[in-house]
Amino acid sequence: METTSLLPLLILGSSLIPGVLILLLREDQSALRSFLNLFGAVAKVSLIAWVFAGYLRGEEYTFIFRLAPQLTFALQVDQLGLFFATLSSVLWLVTTLYAIGYLEGGQHRRRFFAFFSLCITASTGIALSGNVVTFFIFYEFLTLATYPLVVHLGTDKAVNAGRTYLWYTIGGGTVLFLGVVGLYVLAGPVYFGQTEIIASLISENAPQLTILFFVFLAGLGVKAAIFPLHSWLPISMVAPAPVSALLHAVAVVKAGAFGIIRLVYDVYGIGVAEQMNLLTPLAVLAAFTILYGSIRALFQDDFKKRLAYSTVSQVSYIALGVAIPGVLASAGAIVHLVHQGIMKITMFFAAGSVAETYGHYKISELNGIGRRMPLTMGAFTTAVFGMIGLPPIAGFVSKWYLGLGAVEAGSYWVVLVLLGSSALNAAYFLPIVYRAWFCEPDHERVSRIRSGRLETRALLLIPVVVTGLFSLAAGVFAALAGSPLSIAREIAEKFYLL
Amino acid sequence: METYQIYILTSAVLFVIGMGGVFMARHFIKKIIATIIMGGGVFLCFVSFAQRDALTFADPVPHALVITGIVVAVASAAFALALARRIYQLTGEESFTNDK
Amino acid sequence: MSVLIDLLLAILTVYLALQCLLAQRLSQSVFLFFAFGLALALAWVRLGAVDVAITEAAIAAGFMGVLFLDALRDFSPAVSENQEDLKAVQNPPSKNATKSLLLPRLALGLGLGLFLLIALEAVWKTPDGGGLTAAAVALLPESGVEHPVTAVLLNFRAYDTWLEIGVILLGLLAIYAAGGINLYRKPGVAAKDPLLRQVILFSTPVLFLFGAFLLYFGKTGPGGAFQAAVLWGAIGIMLHLGGWPVFAVLPRWLGQLILTLGLGFFLVLGFLFMARGDALFEYPPAYAGILILIVETLAAISIAAALTTIYANINQMQEEPKQNESTT
Amino acid sequence: MMIKEVITVILLLVGCFFFLAGTLGVLRFPDLFSRLHALTKADNLGLGFIAAGMALHIASPWAALKIISIWLFTLLASSTTCYLIARFQKEQDQPKNGKEPG
Amino acid sequence: MTDLPTSPFPALLVGLPILVATLSLFFRPRGKAVVGLMGCLLTGGLGLIALVEVMQQGTVIHILGGWDPPLGILLRMDSLAAVFIGMTAVVGVFISLYAWWFFRAREATNGGFPLFWPLWLFLWAGLNGLFLSNDLFNLFVTIEVIGMSAVALAVLSGKTAAQIAGLRYLLAAITGSMAYLFGVALIYGSTGTLDLGLLRQVLEPGATTTFALLVITLGLMIKMAGFPFHFWLPPAHSSALAPVSALLSALVVKGAFYILLRLWMEVFGVSITFSAGQLIGLAGAIAVIWGSWQAFMQTSLKLIVAHSSVAQLGYLLMIFPLLILAPGVAAGSADWLSPAWTAGVYQVMAHAFAKASFFLSAGIIIMALGHDHKGSLRDLASRMPMTVMAIGIAGVSLIGLPPSGGFFAKWMLLKGIFLSGQWWWAPVVLAGSFLTAGYVFMLLRLAFATAREKEPFRPVPKGLEVCALLLALGSFLIVLPAEYLIQFLESSEAFGSGIQSIMEGGTYGND
């Protein structure tokens, strides 16, 4: 492999450089800081679009830096990676706007935005990694970059949450490290997509490969919040809303889920994984997590915690889809990467806006909030319906494909799990919607922020509406070419061709 | 039994005595003396070999090494002694208090 | 007969070493240490290592012994571990405490015993490597001196010797550092006793001459820079004791020059020849003899000065008022 | 020749005797002053005899001179040391006696 | 060996620092610092130039006095020595610059510790001499130079605690070097040579060689604070002045490791048995766990860092079992040796940079607050972001998170562990990382916590912070030239003979 383009590096740089620069700024240079942030975000989106277009034309973008014999830092562009990178970068742009609004007047904003940029660098790096080592490097980098954001508030609660977060993620990283080295020793440098390497080892080293698979799974499962490694996620919801929104609904957990997809499809190959019976345990675990997360969500009164448990449940859809052999289920899993992302980010934005505007953190306080913040709660409601799986919103599409895939694979129990989960989703989300729209407000609350004629600050409002619309559009236009679903199908089909 | 053989065995004994002394003795000065005894053992070993390898005269290289070694050992021991005395002046302690 | 002498001497050495560490009183330890050093020096004479014997007697037993003796003034003389143990037996603090002390000691003792056995086996079985006598003999004519030990010290392995002179200077610096005080304080004035002063005055030229003789004789036989340096150093120490603090009367720069001359000249000479294209410390055979003599002389002066200063400074420490603890 | 050797042996033996006596004195005498006496007087005498014996034994007059000078130096050193130690002890004793008699 | 190209650099690398140190004695305190700093910069520059020279020419030698071994002494600068000298140069220059500002800031109150400069130059010369030396006895002299100057530096602060720790350190160091020298005596007796290159050819296995190896290893373990002998390190390193602590932990302990590595690889290949390697590995493993745990339990910043050194040095010991053939492994392919070797060198470098930065940062904190309680970071994050950043970056390297030098070292170590089939070391490596993460983040999390009360705060020179930060970054930057460095290092004599002895000693390792 040779370096063919520096563009992948540039994509990383578009958030890394602003991140470092922001760190060097003074705390009070907020205009320049925002400019750098937005400039980086826009640059990243455009670069990814440019690369995506080039990729579709058949160009190759590979960046290779050899660290040592057999140890290569490789960035390469493939459809799955681009898919994830696009999701990250677009949502970063949106979230940056939201964060600027959310943190207005807060403390330590320099630190916040710097690490925010570093996070997205890590996330994009994960998407564009060409091999296991590079993936691991960014995976750990993500841990480090998110930690300051989790403890951003600096309260004892936040610091303790940060500690829990670290124990889990560093532990996961350590286990993953073991797996990565093991894989290198066993199979040499494995680039994503070179499934033939593992396939050639299967006859001799089957037990080692099986152990390695589960070591990897344990490492990745921490970030993907698969039961029993999920406890950090609800705890770390103490972070500011944009952080929870982007990182804990999109970047961190998705990094884990994305890793599982890479592991099964691009390292082991679906054929090998199926042949070695590696997928059934994963499917069972994922299914259990789906139900478990939903049930736990039922009993949370804290708004963000309920969302967090919902995330635990929803992300495991991806793992479940990966674990069911078949194009349809795979497509469902991959598209859920996007769909869950945009729906969940909408919800977190909404929760954050409510908390910032009226100081409501508990669900029991939300009575009548829909009348005061109709646009925000409208977007929220859209996302809720999507989560439950009502057509034509995005969530329906993923669940439909997952269900079809399960039927195709003959795993009817999965369908039951999906139905049960939908019912539970409805059970814990609909009360919120009900309270927001149909309950009378308990007593008059005054908005904590000045927002003119709008229901809240413009920078808090626009992102919610945009992502809400996204989730609607992703469902409505699912059949069109260029929609997330169509791309996901293409990706899935490629995996099965190999 | 040749001369050098007697001394070479002595050298091992001295070395072990010195080593034991460094660990077991408590007073600073005794510890320092123990290091010198240890060194004495080592140097005796060198010089015994020199006598064994003698032609018209004994092997000069170990002699030179030992002279160098003695001077180096004494320089270290003098430094250790200075430190020990300094510690005694500052604290009145004559041995490592938290030792064993 | 000769084996018997060696055997007795060996046993005596070991006995002295043991007693030195086991002695009840610290002063006994120090005196036994002198005796140990002399016994060792005798052993070296028996092994034909006259140079080493002089060095041992002068530096290891003599100089170091003087330092220990001087240190006795500091430490309370009666303290020793045996006495402490006695006290512990008289009124035992608790059985567990003595037990917990006994067990690790027993283990350590056993370990040392085992180690001793292995060590004895190892030294006994040492194969005959042949040494470097032949090589040294072959190259001796090119070295510029006739005494092989001097040839090795100042020419074949001049690098080691140079570093060693550095170590002495370093030791002096280290002692300054241990004092935790500024550089170069003036040595104090010692007790004045008329007889002592007379004896010192009388022996100074004798020692000086003897040192110079040893230095010059090093070219052909046992002797050389280190042995001479110790004698000269002894002059310095005695003068200091007699109330003539030599380095206090010299101007500061001169004192420093004397201290560093040996190391510096040795190196500068080496660099000069290196600039000519030779290796460091490579002397042309024709001039090697005279160059070595100069280097040795300067080295001896520096070492003597360093030994004097080391003694003076260690001696000085107790008079120094307690330093204010500096915050890190 | 014979006589010379006999004299040498006798001198050495006498020297050894004085050394032995001196050492015994150091070990057995009660206080510092008498010990010092034994150590310096008897041992110096012993050393003198041994030196004389050795000087007689060695033919070269230069070597004999060296041995004699060794003896002289030792004499000088030991008597000075003896004096210093005794004086030190005396100085130590005086205030002590003044304070606590007996 | 004597037909290699000759170069003046080895001689200059040892000679110049000592010359400057000697010269500096003639100056008054202020001048000492100026001359000393100049000398440090000069020596550092020289070290880097020498590194480049070796990169271009390959191994160079300097035959001292023109006398060939075995009678004479040979200075040899191969790639391993060059890399260590280069590392010392970079770390040394940064620490020197730091020390310059550090002591200048305290000149008024403490007299600026002018003795630091000559002692540090002596130490530097000793280190260079050690890396260059090719002679067993000369190695002894250099470790004594290092040991004495290191202890002298450690007690420089004049604090009682430092002096007690210093005496303990000194006694341990003397014992260690005497044990080493005993081994040297036995080897000289059984072979009649002290030159490493010649020894490899003539040394034969036997009771004496084994015992010599035992005492040499024992002595060097004491000197590098290997597990059962680590007792002297934490008090000595934590009570010294900040630049001194950095020097001691970053460079001094590495000297003994360097000798051990070279002797095991280059000389003793014949008599090393599998169980000997396992024993050292075990000591290393215990050190990793124990040291990290102890670090976790400490309350002052410098003690945490000092205990962490014990653990990090444990990793160095853990490469030794990998230098030997395990039973049941074919001797034909020694493919685990290369990763183990790289792991050792990289761990040394990463630890040198990271730990130096850590100690320098601790010094800054003490300067600013007057104490170094582990909670001190709580109040500093907003005032000294650069220092907190340095601690963070250095900490990440210590943990071994990618893409730091520490990560690279652990990667190679794990790879070697798996390739050689000695998988039982793997959990230790991982547990060590995990525990390290524990104490590093114990410190770092406070940086993000809200400050409770405002403590009196003295501003510190910016230069100090920059030095610490750059050193921390260094622990990451060393990964960039990794591929070249690995190749370069594998051209060294020690590695070649290590491979050779594994290939030849295939049966010997199997007992």
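To keep things simple, chains are lettered A, B, C, D and E as they appear, and every chain counts its residues starting from 1.
Everything that follows uses one rule, which is that a contact is a pair of C-beta atoms (placed from the backbone, for glycine too) under 8 Å apart; a residue touches a chain by one contact, two chains touch by 3 or more.
Here the structure is a predicted model, which is why all the values come from computation and not from measurement.
A centroid comparison over C-alpha atoms places D as the chain most distant from chain E. With centres computed as the average of Cα coordinates, no chain lies farther from chain C than A.
Averaging Cα coordinates per chain places chain B and chain C 11 Å apart.
Computed centre separation for the pair chain B/chain D is 31 angstrom, with centres defined by C-alpha atoms. A straight line joining the Cα centres of chain A and chain C is 72 Å long. For the pair chain D and chain E, the distance between mean C-alpha positions equals 56 Å.
For chain E, residues touching at least two other chains, in rising order: 71, 137, 141, 144, 148, 151-152, 155, 160, 163, 166, 186, 188-189, 192.
Residue positions of chain C touching 2 or more other chains, listed in rising order: 119, 122-123, 126, 128-132, 136, 152, 156-157, 160, 164, 167, 170-171, 174, 178-180. Residue positions 11, 15, 18-19, 28, 32, 39, 45, 48-49, 52-53, 61-62, 65, 68, 72-73, 75-77, 79, 83-84, 86, 90 of chain B each touch two or more of the other chains. A list of each chain pair in contact follows: A-E, B-C, B-E, C-D, C-E.
The residues of chain B lying in touch with chain E in their complex are 11, 15, 18-19, 22, 28, 31-32, 35, 38-39, 41-42, 45-46, 48-49, 52-53, 61-62, 65, 68-69, 72-73, 75-77, 79-80, 83-84, 86-87, 90-91, 93, 96. Contact residues on chain E toward chain A in their complex (touch as defined above): 342, 382, 385, 389, 396, 399, 401-403, 408, 410-412, 414-415, 418-419, 426, 430, 433-434, 437, 441, 445-446, 448-450, 479, 482-483, 486.
Across the complex, chain B is touched by residues 2-3, 6-7, 10, 13-14, 17-18, 20-21, 26, 29-30, 33, 36, 40, 43-44, 46-49, 51-52, 55-56, 59-60, 63-64, 67-68, 71, 74-76, 79-81, 84, 101, 104-105, 108-109, 112, 115-116, 119-120, 122-124, 126, 128-134, 136-137, 148-149, 151-153, 156-157, 160-161, 164, 167-168, 170-171, 174-175, 178-180, 226, 310, 313-314, 317-318, 320, 322 of chain C. Only residues 23, 66-69, 71, 73, 108, 111, 133, 136-137, 140-141, 143-144, 147-148, 151-152, 154-156, 158-159, 162-163, 166, 170-171, 173-175, 177-178, 181-182, 184-185 of chain A touch chain E when the two sit together in their complex.
Taken together, the chain C residues at the contact with chain D in this complex read 193, 195-196, 199, 202-203, 206.
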